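Order as written gives the chain letters A, B and C; numbering starts at 1 within each chain.
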Amino acid sequence: MAAEVLSTSSLVAVENPARPRRAFRLTNLLPRIGFAIYLLALMLPIYWLINMSLRSNEEITSSLAFWPHHPSLQKYFFIFNDPTWVHAFMVSLTYVAINTVISVTVALPAAYAFNRYHFIGDKYLFFWLLSNLMAPAAVYAMPFFNLYYAIGLFDTIWAVALAHCLFNVPVAVWILEGFVAGVPREIDEMAAIDGYSFPRFFIRIFIPLIANGVGVTAFFCFMFSWVEQLLATTLTATDALPFAAVMTRSYSVAGMDWSLLAAAGVLTMIPGALVIWFVRNHIAKGFALGRV
Amino acid sequence: MALHPINHVWEQGRAYALLGPSGCGKTTLLNIISGLIFPSQGRVLFDGKDVTQLPTEQRNIAQVFQFPVIYDTMTVGENLAFPLKNRRMERAAIKARVAEIADLLDLTNDLSRRARALTVEAKQKVSLGRGLVRADVAAMLFDEPLTVIDPALKWHLRSKLKAVHRALDLLMIYVTHDQVEALTFADEVVVMKDGRVLQVASPAQLFERPEHTFVGYFIGSPGMNLIAAKVSDHVAHVSGHDIELGARYPKIKNGDAVIGFRPDFASLAPEGGIPVQVRRIEDLGRRRLARVALGPHEIFANVPEGVSIGGGTAGLSIQQDRLFVYVDDELVLGDRR
Amino acid sequence: MEKPLNNRAWLMVAPVLVLVLFSALLPMMTVVNYSVQDSLGQNQFFWNGDAWFRDLLNPSTEIGARFSDALLRNLSFSLVTLALEVPLGIAIALCLPRGGWAVGPLLVIIALPMLIPWNVIGTMWQIFSRADIGLFGAALTGLGLHYNVTQNAISAWCTIVVIDVWHWTPLIILLTYAGLRAIPDAYYQAARIDAASRWATFINIELPKLQKVLVIAILLRFMQTFMIYTEPFVVTGGGPGSATTFLSIDLVKIALGQVDLGPAAAMSLVYNLITLTICWIFFTIMTQLDRRRYA
C-alpha cells in the first residue's frame, strides 16, 4: 500500500451540501410514473365533480364530456343565496369548530397526565378511550337520539358537537400524548425549580412547546368531525340541519339535481382543503418530530 | 456548512482524530471523505485516484455512527455477512471472513443471536465489524462512536479499537468532541473550529506547543492560561508586572498580544517570581492545582510537591520555553536571542 | 422509564372521562336496557333475558341469518380492502420525497380524499360510476364489461372496494410516511456503505422500523371498514338486494326503520363487543412490540 492513501485537497463545502445524485435508471423512473398515475387517479373523481358542478342538468344528461361546454356558476350562486343551504353550511362549520375546541382543550391536560404520571387504572383507561375511537357510529345512532332528546338538546348544534366528542376526544388524547412524550421531563422540573405554578407552566411554557402537536390534533379533530354525517343527521331535524341532510333533499320533478349536488359537494371540500393548507407545515414537522 | 480550504494527506495505517466543539465542521469533513456529502469545490483522492464524485458504495471506506446501526431482523453473523453478500462474495469465503472478524471483536459466541438483543456496546461492535469485514476497506471512519456507550464501558471499546487498529493496519479517522478520546486514540489530532483546521499535530505536540489559542484552551484540563498583555520586545507587561519572554518580538502591532502558558509549566512558591493572590488550592491527588489572581486575571498553576503555601500571596514562576505569544489567536514565533 | 405515581393526575383526566362517559357509557346503558327487554307496544316492557342474543347468534333464525351474513360480508370486505390498501399505501409513501418544498403541497393533495364528507364521497362516486353521466361507468361499459352498480352485485362490490381504496389509502400513506421520516439518516447511510440494494434496504431497514406504525394503520383501517356506513348507503343503498348490506347499514335499518328495539340493541352490543375485542388484540400486539424494542 502506498504511503499516501487519502488526500483531501482544497476542500470547500457550502451551505446545503449536495446529496449524491441517483443514477438515472429506469428503476428510478418507474416509481415516479406509478406515483404520477396514483395522483391522477386520486384527482379524477374530484375533477369530475367540479366538472359536473359547472354544467347544467340538461347538458349533463344529454352528453358525456370531459369539460363543461358552457361553464356556469349558476348552481353556486343558487347555494349562496338560498337560506337553507347557507344555514346548513354555517351549522356544520359551527359544530365542527365547537367540537374541535372542546376536544383539544379537554385532551391537553389528559394527554399530559397519561404521559407524565402513573395512576391507578391508567392503562385500562387509555385502552377504553382508544376503543371509543373504534365505536361504530351506527351503534350509537339510536341511543344518542334518545339521550339528546331526553336532555332537550335534540336538533341543536351542541348535540352534534358533543356527540362527536365520542371519537374526537380519544383521537386528541392519543395524538397529543405522542407529542407530550417528545418534550423532555427536565423542562417540567426546571419550571418547578424556577417557581412556576403548574397552570402557569402548562399554559405559558408547555403548550407552546407542543404547538405543532396541537396543530396536528386540531386538524384531525376538524377532519373527523367535518366528515361524519350519520350522527349529524340523526341528531338533527330542522333547526340544526347539516349540509348532508340538505343534500339528500336535492330532488326535483325532473329527477336528481346532479349539478346542484355536485356544486354543494365541491363547496364542502373547501373548508377541509383550507384547514390542511394552513396546517401543512405543522403536519410535516409534526410527522418528523412526534409519534403519530 | 461552510469549510475553509483544507489540504491534508492522511496516511495509511495511522489513526487520526478530528477534534473540536459542536458545529466546527468535523462531521462535515468526515462525510465528504466517506462520500455522503459532495463538496462544492475541491477533490478527494484515494491513492491518487479522484473519488470526489464517486458515491459511498464505490469508495473503499466504512463508517461507524453515533449510535449502533444494525439490521434488527438479522443475527449477528448475518449482520457481519451482509456487506459481503451484497458484493457477491462466495459463501465459504464469507463464512471464514465473518469468523475472523468476530474473533477479533470477541463476538464469536454471539454469532447466532439476534442482533437487537445485544447490549449497546456489543451492537456498536457489530457496527464496527460490518466495516472491518470487507478486506478492501482502506479507511475506517468513526463519527463519535462512543456517544451512547456507558461511561464505565468506554475504555473497553476504546482499547478494542486500538487493538483492531494494530491488527489490521488500517487508516482510521475518528471524530469526537472529547479531548480525552482524541488524545488517547490518535497518532495525530486535527483540531477544528468554525470550519477551519487550527492545528494538525501529535497529542504531545498539541500539549507542548499549541499553535492557536483555541487549541491551548481546549486541550488540557484545565486548559492553557491565556492573558492579555502588552508585549514590547522581550518583555510582556501584565497588570503592572513584567514577565520575561524567551525570545524577542519586535513586530507586534501596538504590542497587543495574548501570552499563554499551561498550568503544568507554571509553578507556585511561597515567594519569588511574580507576586499573585492565592484564591484556592485544590488537592487532586496526583497534583495540587492552585487558582491564583494576577490583578484581574485568573491563573491556574501547579503547586510542586513538598511546597506549602501559607498565606494569601505567593510567587508564580513560568517556564520560559513554554511561554508563548499569540497575536490574533495565532502563535507568533519570536527571534531567539 | 420511571413515572411518578400520582393519583391526583385523575383530576387532569377528569374532563375527558366525564365527556366520554357521557358520550359512550350512558347511551350504552340504554342499549343494554333494551337488549334484555321486549315490548308489547305502548312503552310497556318486560324482561326477556338473553333471548335476543340467542336468536342473534343462531344462524337458523331470521335475524341470526341476517346477522351472520352481514358479518361475513363485512369481514371479507375488510380483508379485501386491506390487502389492496396497505401495499399500495406503503409503495406510494416510499415515493414521497424525504424533504424539500414539494412535501407540503404533495401531502395536501394526497390527504384530499380524507377531507371530503362521507356523504359527498358517496354522491361523487354515485355520479362517477353511472354509465350515462360518469367517467368511470362510461369507461367500463365502453370496454364491454357488464358494469351496473344498481343491478349487478359484483359491480356494486367492486365499486365499494374501489371507493374505499380511493378514500382511505391516503391514511396509510400519511402514517407510513411519518414512520419513514422517523428513521434516522444514519441507517440509510450505513445501507449505502454496505452496498445494499433498494429492495434490501426496504426489507431490512424500513419495514422493521415501520412495524408499529403499520399495526396502528391496519387497526384503524380494519375498524373503519368494519364500521362502514355512509358511502355504500349513498351509492348502493345496501343493494342490489342485500349484496352490500354491511353490519352498520343493517343495524341502522333495524333500529331506526322498524320498531324492533330489542334485536337492534342486542346486535349493537354484539357488534360493539366484536370491535372491542379486535381493538384489544391490536393493543396487546402494540404493547408487545414496544416491550420487545426495549428488551
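The definition used in the following text is that a residue touches a chain if its C-beta (ideal position, glycine included) is under 8 Å from a C-beta of that chain, and two chains touch if they have at least 3 such contacts.
On a predicted model such as this, the values are computed, not experimentally measured, just so you know.
**Q** Of the chains present, which has its C-alpha mean closest to the combined C-alpha mean?
**A** A
**Q** Give the label of the chain whose average Cα location is farthest from that of subunit B.
**A** C
**Q** If you average the CA atoms of subunit B and of subunit C, how far apart do the two points sit, in angstrom?
**A** Distance between chain centres, rounded to whole Å: 56 Å.
**Q** Between subunit A and subunit B, what is the gap in Å from one C-alpha centre to the other?
**A** That gives a centre separation of 51 Å.
**Q** Distance between subunit A and subunit C based on Cα centroids, please, to the nearest Å.
**A** 16
**Q** Which residues of subunit B are in contact with two or more other chains?
**A** 36, 55-56
**Q** Spell out the residues on subunit A that touch subunit C in their complex, using ranges where they run on.
**A** It is residues 27, 31-32, 34-35, 38-39, 41-46, 48-49, 52, 60-61, 64, 66, 102, 106-107, 109-110, 112-114, 116-120, 122, 125, 127, 129-147, 162-163, 165-166, 169-170, 173, 223, 226-230, 234, 243-244, 247-248, 258, 261-262, 264-265, 268-269, 272-273, 275-277, 280-281, 283-284, 287-288, 291-292 of subunit A that touch subunit C.
**Q** Hey, which residues of subunit C end up touching subunit B in the complex?
**A** 184, 186-187, 189-190, 192-197, 200, 204-205, 208-209, 295
**Q** Show which residues of subunit B lie in contact with subunit C when the two form their complex.
**A** Subunit B reaches subunit C through residues 34, 36, 55-57, 61-63, 65-67, 69, 71-74, 82-83, 86-87, 116-117, 127, 130-131.
**Q** In their complex, what parts of subunit C are in touch with subunit A?
**A** 3-7, 9-10, 12-13, 15-17, 19-20, 22-24, 26-28, 30-31, 88, 91-92, 94-95, 103-105, 107-120, 123-125, 127-128, 132-136, 138, 166, 170, 174-175, 177-179, 181-182, 198, 213, 216, 223, 226-227, 229-230, 247-249, 251-252, 255-256, 261, 264, 268, 271-272, 275-276, 278-280, 283
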